[in-house]
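Just below is one structure, and these are the notes that go with it.
Residue numbering begins at 1 within each chain, and the chains themselves are lettered A, B, C, D, E and F in the order written.
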Amino acid sequence: MILRMDRLQTELPKPKNPSANDAAAIQELLGGKFGEMSTLMNYTFQSFNFRGRSQLRPFYDLIANIATEEYGHIELVSYAINMLLTGVTKRDPNPVSGPLADAANFRNTYHTLASGQQALPMDSMGNYWNGSFVYSSGNLKADLLHNFFLECGARANKIRAYEMVTDPCARAMVGYLLVRGGVHIVAYAKALQKLTGVDVGKLLPIPDISNQKFPEAKAHEDAGLHLKLYQFSPQDYGTAGKIWNGPHPEDGKECTFEHLPPDYGAPVPDL
Amino acid sequence: MILRMDRLQTELPKPKNPSANDAAAIQELLGGKFGEMSTLMNYTFQSFNFRGRSQLRPFYDLIANIATEEYGHIELVSYAINMLLTGVTKRDPNPVSGPLADAANFRNTYHTLASGQQALPMDSMGNYWNGSFVYSSGNLKADLLHNFFLECGARANKIRAYEMVTDPCARAMVGYLLVRGGVHIVAYAKALQKLTGVDVGKLLPIPDISNQKFPEAKAHEDAGLHLKLYQFSPQDYGTAGKIWNGPHPEDGKECTFEHLPPDYGAPVPDL
Amino acid sequence: MILRMDRLQTELPKPKNPSANDAAAIQELLGGKFGEMSTLMNYTFQSFNFRGRSQLRPFYDLIANIATEEYGHIELVSYAINMLLTGVTKRDPNPVSGPLADAANFRNTYHTLASGQQALPMDSMGNYWNGSFVYSSGNLKADLLHNFFLECGARANKIRAYEMVTDPCARAMVGYLLVRGGVHIVAYAKALQKLTGVDVGKLLPIPDISNQKFPEAKAHEDAGLHLKLYQFSPQDYGTAGKIWNGPHPEDGKECTFEHLPPDYGAPVPDL
Amino acid sequence: MILRMDRLQTELPKPKNPSANDAAAIQELLGGKFGEMSTLMNYTFQSFNFRGRSQLRPFYDLIANIATEEYGHIELVSYAINMLLTGVTKRDPNPVSGPLADAANFRNTYHTLASGQQALPMDSMGNYWNGSFVYSSGNLKADLLHNFFLECGARANKIRAYEMVTDPCARAMVGYLLVRGGVHIVAYAKALQKLTGVDVGKLLPIPDISNQKFPEAKAHEDAGLHLKLYQFSPQDYGTAGKIWNGPHPEDGKECTFEHLPPDYGAPVPDL
Amino acid sequence: MILRMDRLQTELPKPKNPSANDAAAIQELLGGKFGEMSTLMNYTFQSFNFRGRSQLRPFYDLIANIATEEYGHIELVSYAINMLLTGVTKRDPNPVSGPLADAANFRNTYHTLASGQQALPMDSMGNYWNGSFVYSSGNLKADLLHNFFLECGARANKIRAYEMVTDPCARAMVGYLLVRGGVHIVAYAKALQKLTGVDVGKLLPIPDISNQKFPEAKAHEDAGLHLKLYQFSPQDYGTAGKIWNGPHPEDGKECTFEHLPPDYGAPVPDL
Amino acid sequence: MILRMDRLQTELPKPKNPSANDAAAIQELLGGKFGEMSTLMNYTFQSFNFRGRSQLRPFYDLIANIATEEYGHIELVSYAINMLLTGVTKRDPNPVSGPLADAANFRNTYHTLASGQQALPMDSMGNYWNGSFVYSSGNLKADLLHNFFLECGARANKIRAYEMVTDPCARAMVGYLLVRGGVHIVAYAKALQKLTGVDVGKLLPIPDISNQKFPEAKAHEDAGLHLKLYQFSPQDYGTAGKIWNGPHPEDGKECTFEHLPPDYGAPVPDL
């Protein structure tokens, strides 16, 4: 069961250059194999399916908290897409003028034909997200390894999306997700280490470029956002701090588990 | 953004007859075109994409609250599937004995090969849920009509699943969902009526069989569960009561909007 | 069993501006989820599968006649696509000159590679129509509600296609289909009303814009084309007039069931 | 444009042994890659897309007539599936008894969950027919070669379906289609020969087993049904006899083009 | 079992005009229904599945040798795609400059997001190759007819790709494949003739344009490359010469079976 | 370019209990997301796409050799499937007896309808392998991490297939692949360690069960097969030994790179 709040995890500035093709590219971060729908649904189903949770409580709680945070990520990407699409065609109540004529040349025509220039759970080629992207093997070590790899693949996509789309709205979103996705990479590395003793975190960063190179991410890291894992629950899932602790593998600072959800956030834009 | 609680919306009894083929059939309610993944994601994306929410606040709040409740439904169906699968093969740490030999004849081999006899976002034929099932048209009337139809189709599937699977675990889940899905059907009917004046609720029930015929649903309705829509949020989405009010189209009792999430529920089973 | 006539339901003028991307957009009306392949196949399978047709004859006949008319619609859209594609690349029997070089930048490369710049049963993103778009539930009320919704969704797509593509060939086709699709919306509304007493037609138009705003549609409506349902059969399916009668919900004029197929039409173009 | 008649092309006896798995197998002949949806849609789109029809009229007419006949084939297979599914579960208006309990073990659960035990455009594994099965290349020789191969593949499937399902209803349908599909194989062979001079018909039969081995097919061939191609149109498509003439490649009898559709047929069953 | 050599079958010049959209178009030859993945996998699985190989050895050997050669073809097309993609975006280690900004307008965004501007097994619309393109029927005549048709369809695609993309790198690749694919067409024609006596080769060329019209293909044919089938094995598959012999159907020159793999080839480029 | 040998990598005994459902389950190892088609195609495309191979030669050579070996694995699984399917239906040249009647109840009807009871590139649910399973990111560390994870997932599937199917033919195949797949897991772990210094091999085994528990695998390991990586090339790809060396992470024995392909193997069965 969940409760929902009408807030975004970070504020998104109004786009300077609305662009349908930029919005189409950003869809990869929503509905691609390595998009936020995939991270959300992988961890959600792994938490539903978790076996042996009394003995392995901190792992269960870790996965559940991250799953919960991911919901806010599909929300954030969806709003960015909506905002990038606002104004890409002219408005005219008279259909005869062909107000959507430009849209025939947009890469993604579903934005215009299957929705009202809005976000849908599809990727940058307009292929819909599907449940085969969910891995839930019944083997904790395999699931954690999968999640670690998934987050690295997701990070690669975010970096490329950042390099493809320069609009500040998109970059505010990507920069924020680079930091929070980075927390998840480290969290799964720490979980694997707790389970096996192997210091998987030393493989990072994958790809080999620091979040510090992305000004929008750097600002969040300077504020310590990369060090905090949140308990996204009024009272459950509180033991994840048994895994999320100790030094961060990239800057050595101390990781802390926050028993409250983040209070930063921003009101949702009225589209 | 969401918060999550480690609770199920209703209690699921331990299955009397675990059955892999029953679990496979129940998957339709999770990942089928008319399954809970579809209702969850339709309303979630419609709420992210909602245009003109200051003028149309009650509609936005209604959709957002129902979307939030649906998360609890994918959870409930997933637990039922997990429970139905528990014990369908023998356990033997020695692979030579062929402990999974029975599974070669199960209809759904993904339960065994792609997961550890767990729920996945797929339907009764093992086809994965996909995002093309999401309809978000940018036109409120069309979206509400879609949602009304979607819930009717979902109800038909629940009824058939009830008739296919007799185990009490599955039926406790289906009975509960018939009632809560029934609330959603009526909610979209009331929303359409508010928008257009047409009393769409008079079309109900679709299919033509009352929830009263299903003992597990009847028990919930006798307790008035079909009359309540919940505010699934600490403080947002509170105006849905402007739509959810007046008599219930099937029994004429007064519909009430509850400003607190339900406190019934049950602890999640330790699988 | 069917008989076929080498005629189009309406005349299509030669395009003024052949355009591969316009043709690609129009494909949504052919092979999209809400395209003519979907309406054709939904009603065709519902008619094959119809249970209880002796008691429910007028409903059976209504669906069968509309199914039959839809065949002419996939034909009409296909011809429009063919015509829009004629001349989009230069012709040169010598391949060395690269006569298809422009096609590498067309949105839909299947038009060039998988066909000879011709229509295929795919949508505006080049995804092929598939049978999962067919809904045939075995419950008449649910099927009619589905069909009513399907036609509204199809209407929304036609309106957007009209606004995307300004060429007179495409607009002659879309204008005609807006009128005939409008007849089908009203027909399913009347069928639902006959079955349940609810005046579903009062929901119309969905979306909230009249066909009168589209000059090519208005011309047909001024001639009364929106008031006629045809018996598309030499001698069968003749009782649909028990449903298709009474006032049209938008202009109040009398609806009539014509016991002959339309004799307007036009010769098929020699491509 | 088409007209439709409420007749089946051949009479189907009531099944002796209704069987959901037999019905599921027969679906391959409806919605499989080599099923009747594929032959129908291949020839239909090739006829819509036909270039140069004034010079190549007999080829155009041949394809159009066969396309038209194929509609009757999807109808015939659909009725057979419906009939095979009638009675496979018990009927009980009280859902508590689990009237559909057997269906959890049927291979194809869509028959029960997505339809009311009815035919859908899917194949024997429940995968839906899709438009990628349509080949329309813009090159007549390539299209005819494709069609010749498609019909051979379809014949192989019919033979195997015959060997899988022994019920007289299914076999009446398959026997009839073996003969009519056989006409189409020969028709495309003759068309290729007319175009190129190569006697492709000498490759037949593919697979290497005569229709004479199938009693239900033999009866039709003894009546000469394999020698007739029909003009499925009140007045169009009348020149196909310029291709369909001369000796049949398997028994040397004279092929004739009938300027009337077949008058055998049978009333549609009331399901 | 196979051995691999680090060589390309023909040399590919460095592109003069790298172009992401040209690379996207060329993907059809790699992962399209008629692309090299399809020819490779069809013949590979047909050889694995071959029944009765002691009696039908030359057919088995023919299919196995061609399958083996096709591996070199997916390699060749993949290198051409990689080369066409080299340099299509600017390089800048600083992500802030948006080095991939142009890629948001490329037709195929998977090249940038799902790979590092590299070849993937997908077609010109970014749809992935899949195993349903493999036909292995268990009937030799049907398989050979399929292969003959498949190669003709593949030839049509190569011709169109040649006409779409004028860069010398792409054309060197296509020209070479036109010749080797031409050998495969003739090989399957000869195999069908050996099995049935029908001179299928007289249907050629399909489409009706000679390889001589393509300068890059003509050069290879002038060197006799269209006359040689190779034994791609140290010592197995040596009897294919019982089928590959006699005159070539297009120029009448003698076909020869070479008991050594080709020694032309070229080093693989260092990308 | 490749050369092919008519040999299997290990001998497969004739099945004791041919079983269509066992064959269907084994398909997961061929065409599933974690099947041999996936390992083959991942490494093949990664080798085609490899950037910077002069500096990173040993990594390139490692991937290329493993890719080459995987071809032998799709062959081995395909033969096992063919053998398990031999004799599952009765043989009768007279179709009237319904020789394939049992096949209507087999889980996978494509084996009978789409092939002649043969292997196809599909998974245990009859879904076809597709190219979206290929990951080739352009980042070596990410690719190696992917490959390590992929092989672990593949190992889990092999173990479950072993536990589902007890026939000696299947188990000879699975036992062999457990050992050779185990080599690939370790190879990618060593490659990651070479690149990053992290001893990823200490995570093994994943899942937590030793190959020693599987008698057919143990026999190969007792012969040292798990210690050898082969150069599958007459003269190329010879530097992989710079990575494949040092102790095996599970038993500490020395890993050796063999400059000759394996000479064990077995003749292919004549099906």
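Keep this in mind: a residue touches a chain if its C-beta (ideal position, glycine included) is under 8 Å from a C-beta of that chain, and two chains touch if they have at least 3 such contacts.
A quick note: this is a predicted structure, and the numbers were derived from the prediction, not measured.
With chains reduced to the mean position of their C-alpha atoms, the one farthest from subunit C is F.
Overlaying subunit A onto subunit B using CA atoms gives a rotation of 180 degrees, to the nearest 5.
Here the spacing of subunit D and subunit E, counted between their Cα centres, is 34 Å. Averaged C-alpha coordinates give centres for subunit E and subunit F that are 25 Å from one another. Centre-to-centre, using mean CA coordinates, subunit C is 50 Å away from subunit F. Rounded to a whole number, the gap between the C-alpha centres of subunit A and subunit C is 40 angstrom. The residues of subunit D that reach two or more other chains are 33, 107, 114, 127, 132, 137, 139, listed in rising order. If you draw each protein chain as a dot and join the dots that touch, the picture is not a line, a loop, a star, or fully joined; it has some other shape.
The list of touching chain pairs reads A-B, A-C, A-E, A-F, B-C, B-D, B-F, C-D, C-E, D-E, D-F, E-F. Remark: subunit D residues 19, 21-22, 24-25, 28, 32-33, 107, 124-125, 127, 157, 159-166, 209, 213-215 touch subunit F in the complex. Against subunit A, in their complex, subunit F makes its touches with residues 33, 132, 135, 137, 139, 141-142, 145-146, 148-149, 152-153, 156, 192, 196-200, 202-203, 206-208. The touching residues of subunit C, when paired with subunit D in their complex, are 1-9, 31, 37, 41, 44-45, 48-54, 64, 67-68, 71-72, 74-75, 78-79, 82, 114-122, 128-132, 134, 136-139, 232-237, 261, 265, 270-271. Of all residues in subunit F, only 94-96, 98-101, 103-105, 107-110, 112-114, 126-127 touch subunit D in the complex they form.
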